[in-house]
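Chain naming follows the written order as A, B, C, D and E, and within any one chain the residues start at number 1.
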Amino acid sequence: MDTSQIQTTNVSTVNNRTGLKSRNKVFKVLRTYPMILVGGLMVFTLLLIAIFAPLIATHNPITQYPTGISDIGAPKGPNSEFIFGADSIGRDVFSRVIYGTRVSLEVGIFASLISLFIGVTLGVVSGYFGKWVDMVIMRITDTMLAFPFLLFVIALVAVLKPSITNVFIAIGVLGWAMMTRIVRGEVLKVKELEYVQSAKALGASNFVIIFKEILPNVVAPVIVMGTLLVGQNIMLEAALSFLGIGIQPPTASWGNMLQDGMNTYQIAPWLIYLPGFALLWATLGFNLLGDGLRDWLDPTVGN
Amino acid sequence: TGTDSKGTTKGNDGEAVKGGKINIDMSADFSHLDPAMCYDFGCYEVVTQFYNMLVTYEPDSTKLVGSAAEEFNISDDGLTYTFKLKKGVKFHNGTEMTAQSFIDEFKRILDPEVGSPGKGFIDPLVIGSTDFSEGKAKEISGITAPDPYTLVIKITEPQGTFLNVLAMPFFPAIDKQYVDSIGNKEFDHKPMGTGPWKLKSYNTGKDMVLEKNADYFVAGFPKLDEITITFEKNAQSSALKFKQGDTAFIGWNQLIGSSDFIQFQQDSKYKDLLQSQTLVSTYYLALNNQVKPFDNKLVRQAVNMAIDKEKLVKLNNGRATATNQILPPDMPGYQKDLPAEVDYKFNKEKAKELLKEAGFADGFKTTMLTTSSDQATKEAQSIQSDLKEIGIDVEIRPLSGSSYSDGARSLKYGMVSTAWFQDYPDPSNFLDVLLNGSEVPANNWAAYNNPVVNDMLKKASTLSPGQERWAAFSEIQLEVLKDAPWVPLYTPVRYAIVQPWLKGFYQHPVWMDPLQNISVTKH
Amino acid sequence: MTEALLQVKNLKKYFPIKKGILQQTVGHVKAVDNVSFTVNKGETIGIVGESGCGKSTTGKTILRLLEPTDGEIIYKNENLASLSASKLKEYRKEMQIVFQDPFSSLNPRYRIGRILERPMEIHNLYTKKERKQKVAEILQKCGMDPSAVNKFPHEFSGGQRQRIGIARALTLNPNLLILDEPVSALDVSIQSQIINLLEDLQDEMDLTYLFISHDLSVVRHISDRILVMYLGQMFEMSETMALFKEPLHPYTRALLSAIPVHNPTEKRERIVLKGDLPSPSNPPGGCVFHTRCPSAMDICKQVKPDWKQAKDGHFVACHLY
Amino acid sequence: MEKPLLDISNLKVSFKSDGTYLNALSGVNLSIYPGESVALVGESGCGKSVTSLSIMRLLKANAKVEGQISFNGKNLLSLGTKEMRKIRGQDVSMIFQEPMSALNPVIRIGDQIGEPLFLHEKLTKRQIKTRVLELLRLVGIARPEEIYREYIHQLSGGMRQRVMIAMAMACKPKLIIADEPTTALDVTVQAQILDLLRNLQKENNMALLLITHDLGVVSEMCERAAVMYAGKIVEESTVDTLFNDPRHPYTKGLISSIPKLEGERNRLKPIPGNVPSLANMPQGCRFAPRCEFAMEQCIHQEPSYMAINKKTSVGCWLERGNNDDRSTATS
Amino acid sequence: MAAYLVRRILGAFIVLIGISIITFIIAYAVPGDPVRTVVGEKASPEVVEQVRHTMGLDRPVYVQYFSYLNRLAHGDLGFSYYNNQPVTHLISERFGATAVLALSGWAVEIIIGIPLGLLTAVYNRKITDYILSSLAIIGISLPTFWLGMWFIYNISYKMGILPIGGSGDIKNLILPSLTLGIVGAAYYQRLVKTSMLEVFSQDYIRTAHANGASSLRVTFRHGFRNGVIPAVTYAGMDIAFLMGGVVITETVFNYPGIGQLAMQSIQHLDVPVIMATVLLSAICVVVMNFIVDILYFLIDPRISIS
């Protein structure tokens, strides 16, 4: 036999999706894709705020302080007691925004997880098994995509009665269609790859092929999509709350705070500054993170 | 007697201009334009512009005077009502109004096909109404027209408020031929009556244009040529439009938004343009008297004492006065000074004691149904936090439209935050309608059923309007308050803001606002 | 005496062409049409032909990676074509496939160790420890350092990946290896390394190869017998040296003459075929090659030639013989 | 002797990646004379395409190019964008490997072929069309009128490559660079295309730079050939000499590692190891780690590239002792 | 092409059936009694039952569904429970308004989005790209209702240039369509940028350069058409987005369209109208998708064959 020296040189077309081990590589990715860094930091601060909300908040978010409103019911502006002012029934805006972070993240993340779960399951089944299964699932997906999403969610929340659980159930249960499409497309691509064919030739069952060979390779688009979904869902919750069918009081959510603020912003603009900023921060953070991840993970985006 | 007279306005001194057009906003589209179907404040406002009832209220008072009727007469036994109609009154299409025009509307109200909510007001009270509605008779035997300008209505037992009932917008003159030609459903959005205004155009959900009825039977009215009503759901936008001088007034069932009201009040430019009117209405919290823990009187009293009504007034920007009883101040039978034992004053300590006594030292959990408007949720949250202080955990359940009323009727909720506005100025409209055991669950959302009270109500209803009747109802109210079935919260004060160049605007305590009285001055 | 390991009889694989409103099948791509041959133990059969002629499909159908439309695949007296999935699993250990593209043949998510242990996991063979040992052994055999187990596929060059791909195919000790253009994507200097490796492994492990390639020089080098395919059909089959010495089918001749020879001194006469490969969904009638055949006769347009033995062990489907 | 049409001297190209520059080409020298056909052979990644793209100045923005490429006396590397544009498609044109992706899927074939004519020759639309039809016929397309209106996906692989050739021929350039024009094609089609290309080149007396990794193609098509390894030309010679008397161990290795089509089937003699990556270039001779003749010197010092006789230049320490005429090639 | 069309129509039809089933289920599950909405709060139980029967609401679900389908097929959407108007009338009045709004919102998206996409692609990783892309991503992250309120307060009220909400005039359309379009514009920007970048890396772009075409010509003649194809595909789905977006925009601007009607009917549990608005919006999406597919056909010659 030949005495070929085996040196493991890096092939120049390095597929940098995997095997991030060393710290150097992390830094490299962050340097090349600053959006991941910025978005990630923004999201990270939100997570910290959500976790440590009781420590950060200065007031009880649902207590109505008599000092918060004037004699004719006008909310008090920022002052030494309420640093970002009080709302129209005398609650501390700052503390509510802090606690609202929890709600927004909860809705954003849980709803996305539901969508992800349904979307990935259907997408994999549809893409992998093809034929009539695919036909049926894709028709349902088309149908879902034909619905004006917001309208549909509104109708469903109205049916389910607004509550935090129902909001994320409605958003999550209705929001899977796009995910299904993406995952299906990805599965169709991966399915034909030779390592999947090899696994088949080795006698692997469908279960093993799906879970061990295919799923790990659709993780990247799912993560990207999932991140973007969280941002979208946070916005959606706010929109629902703005229309009065989202998170119900006294629970604070940025959306219902904004709604409250919208009615009074001419005399109490501080009611929309902070929650609006928080909402922008969150959606921006998740969008940046998602976009960054996409640039990094999705080779079809030219760079 | 003249039906319409000058309005009581303040500060509008300019010289009135003949004719002219104005724009106003309305917070929502009208539910119905068919008088037989209309039973809410919104549509009352507009239906009364197109139609004339037999009788109506004098401006700024609760006195009934003839409208389409020239004069009327009630027999001594209180069972026969005779109306002499005005002659030469024409519908907008030129047909003449006769007594039959009213009979036709009564028939429509009783017709199950139409499904009118006004039916209960005359069936079975009017003789022959039930037979007609069940299809056993072709005519309502109790309503006759001896001649085209005379209408006679006979009722089965004396009813002090029957004339008030007839003033409700259910019972105007209609042109049956017209209704038949377009059908009941079309009629609901193509109104045609004898009223001061004609419908010029109507874009559902968008706007409605009213046009002067030049042949209106009261000479000189209406004063304006045209009124454009825009449905503007956004209160702030409405306020901005008013500030820009685009709209003539905010009122007429359009509430001034909370922050806009504060702004108007704080701005000297607008402060003087505000007009106010205390409504004959009570906002209250109906406690479910039949279900634990509110079946316990002590608990109900505790809740009565736990709620800070002044805070609610504050949340209404002062556009309300706290109240301690069922009848509103402007309703006969109202008691200025309640006996101490039924005047539940705000007292958290006492409330806690009562709860303890009732066996709920640690409080309990309950639900509160409310409408989904911003103001309602604000107040609900205030009540929620008050009750929290005595240990009661309240879950707010805001519902809109008919899911709200269905919810209330289901008696599933511990508390319902609601309000009642008078249909007519008589205490029975509150005590009988809202607290009679026979009204559970239709209107009696507190599920309050006290045989003693029911009995007293039956007796009082036959009394004709006057001191005796008012006293009887005062007594009933005291009896009710002992049981504390409700928490009376406040009496609303309605504010309107009117451009300085507008003349003739006023707010009426019952419901009809005087669009035909309004005119503009040079500006 | 040679012992037949695998017998392919009248194998057909048609892919439906769907068209119209309800996607009815309006025709078929006859990717493999009536292919029969026998593979003897220990030999290497080469399959050559131009792109799209059905080489890969033949290979995949034999392994039932594609369901055969018709025909028999007889292995150890068992017809694989009609075996149930669970029974098939047993035979899958004994036949393996190596693909062309070294970049898509390894799952980028797993380390090499995992990738090589997976086949044994699937078949529940050996303990964990034994598996690791086995992997190291095989890697060594394929000319790789055993330390490779801790690396990811992307850390290797194309040639190395192809070695790993071969190693994976060997973990289950197969008898038959289907090699679907295993060297086409590699550079010449690496290609020869792999070819040598394959030859060594064959000797060492007593393997039988079905070697698919479009590169005639490679096929010539490695095969004992060669099957020439065109548009899903068998055109010629013979012992390698015989075929190159005296190709019978006009297509084989053209194919041979079209190869650019890298020795400028031995310029040969070239037969340049006219036109392009016909569409496999709509092949010409008669002999499918008649549209491009320099020696086409009238009969070729009408009648499909039979598969016949023109010389000893030299089969051809052509009216010339 | 005639002046070269194209003269590349000491061409260095490096790509910026992660802040550092990787040398893809480190000093390439190559000349092409008018009407001559020259092959550039080498394994994948050795820099063949980079060389061709540098001539056209079509490298990506992350490339740094040094050295000199003179074409007809002009240094292409110092031309303005506008002047360079005039040369592209008119004086020098290119044929790419994958006609399917190198042609625009949404522009009609006729319009694409007409593009260089439109850009460089002041012709009317009708004139362009006539010329395009002529070109289509020239490259052996049977139904030019129809094909003119069709799109690229409607053609077979061979036809597409013919279209590519027609487009490259449109302005009768002095030099055509064909970057692996037949790699994507089947052997029988490849033979047709090579025939066509050779004939057109001869008839129009154009110079041809043929890039390929297939030594067979080289011997059939070209007069001269240059062998590249890891960003350098290691040997250059006439085709006959190159095959019969390869000098560089790499060239020898290449030739011996290819299975023969004739004669005995002997065991192949592969070149051991792998092509080094750009980031890990060996210091001395780049081929040293794989070279069976490697000496101490090879590992430390890069051999210079020089002509060892009239026909051949080699960059190998082994040849230092036995070069025929001791003139070093342009460095 | 004909077969493709028919198949496409068939597919769309199946989707429509799916839509009708889903809307029906939702409407059926709506809490509260629609009969009450019709007859009002105080009607007697007999009246309620009577009306329930007339409305056919006492029949089994599937019978109700099929009669619904049957009526649909005859273009009969029933009458609003809330105000008794024929639903077709309610919808047709508002549909035009919404269509105008959605289309102008779409125009805003295109007019802002595509040039931005082109610019950011051409100046990829340059300062222009960074600035414009940042703006775009902020645009995507902006809550629609916030933007709308901001416009009303600052542009309509403070500056007094444009009317505060309402409809009927071009002036009424400007702010709502900007609000609707700005968020979507950012999507187009991203889409066009991504696909243009991909196109720029394609071999045929290199070919165009090799032929001596200028950058401008390469971008527009060779790149643009390929680059906008994904944007065209997106346009179909975008309609679903716009139809959802109008709910908020119309609410904020008091613009009487389908979105407002939908919100209102959900609040009033006006089942026939809920069903009709959702159905109509979905039909719009299906039809637009269909049109987009045809457009796709015309732009991308590759598809017309396969």
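We adopt the following convention: a residue touches a chain if its C-beta (ideal position, glycine included) is under 8 Å from a C-beta of that chain, and two chains touch if they have at least 3 such contacts.
Computed from a predicted structure; not experimentally measured.
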{"item": "Subunit B to subunit C, fewest steps along touching chains", "value": "2"}
{"item": "Both-way neighbours, i.e. chains that touch subunit D and touch subunit A", "value": "C, E"}
{"item": "Distance from the mean Cα position of subunit E to that of subunit D, given in whole angstrom", "value": "53"}
{"item": "Distance from the mean Cα position of subunit C to that of subunit A, given in whole angstrom", "value": "47"}
{"item": "Rounded Å distance between subunit C and subunit D, as computed from the means of their C-alpha atoms", "value": "32"}
{"item": "Touching two or more other chains - residue numbers and ranges from subunit C", "value": "157, 160, 193, 196"}
{"item": "Numbers and ranges of subunit B residues touching at least 2 other chains", "value": "236, 372"}
{"item": "For subunit E, residues contacting two or more additional chains", "value": "31, 153, 251, 269"}
{"item": "Interfacial residue positions of subunit E with respect to subunit A in the complex", "value": "11, 14-15, 18-19, 22, 26, 29-31, 124-125, 137-138, 140-146, 149, 153, 190, 194, 197-198, 200-201, 237, 240-245, 247-248, 251, 259, 262-263, 266, 269, 274, 277-278, 281-282, 285-286, 289"}
{"item": "Complex contacts: residues of subunit A adjacent to subunit E", "value": "139-140, 142-143, 145-152, 154-156, 158-159, 161, 231, 235, 238-239, 242-243, 258, 262, 265-266, 272, 276, 279-280, 283-284, 287-288, 291, 300-303"}
{"item": "Footprint of subunit B on subunit E - complex, ascending", "value": "31-34, 36-44, 46-47, 50-51, 54, 79, 82-86, 89-90, 93-94, 97, 152-153, 156-157, 160, 164-167, 251-252, 254, 256, 260-261, 264, 267-269"}
{"item": "In the complex with subunit A, residue positions of subunit C that touch it", "value": "60, 63, 65, 88-89, 92-93, 95-97, 99-101, 104-110, 118-119, 122-123, 143-145, 148, 151-158, 160, 165, 168-169, 172, 193, 196-197, 200"}
{"item": "Parts of subunit D lying in touch with subunit E, wherever the complex brings them together", "value": "56, 58, 85-90, 93-94, 96, 98, 101-107, 115-116, 119-120, 151, 153-154, 167"}
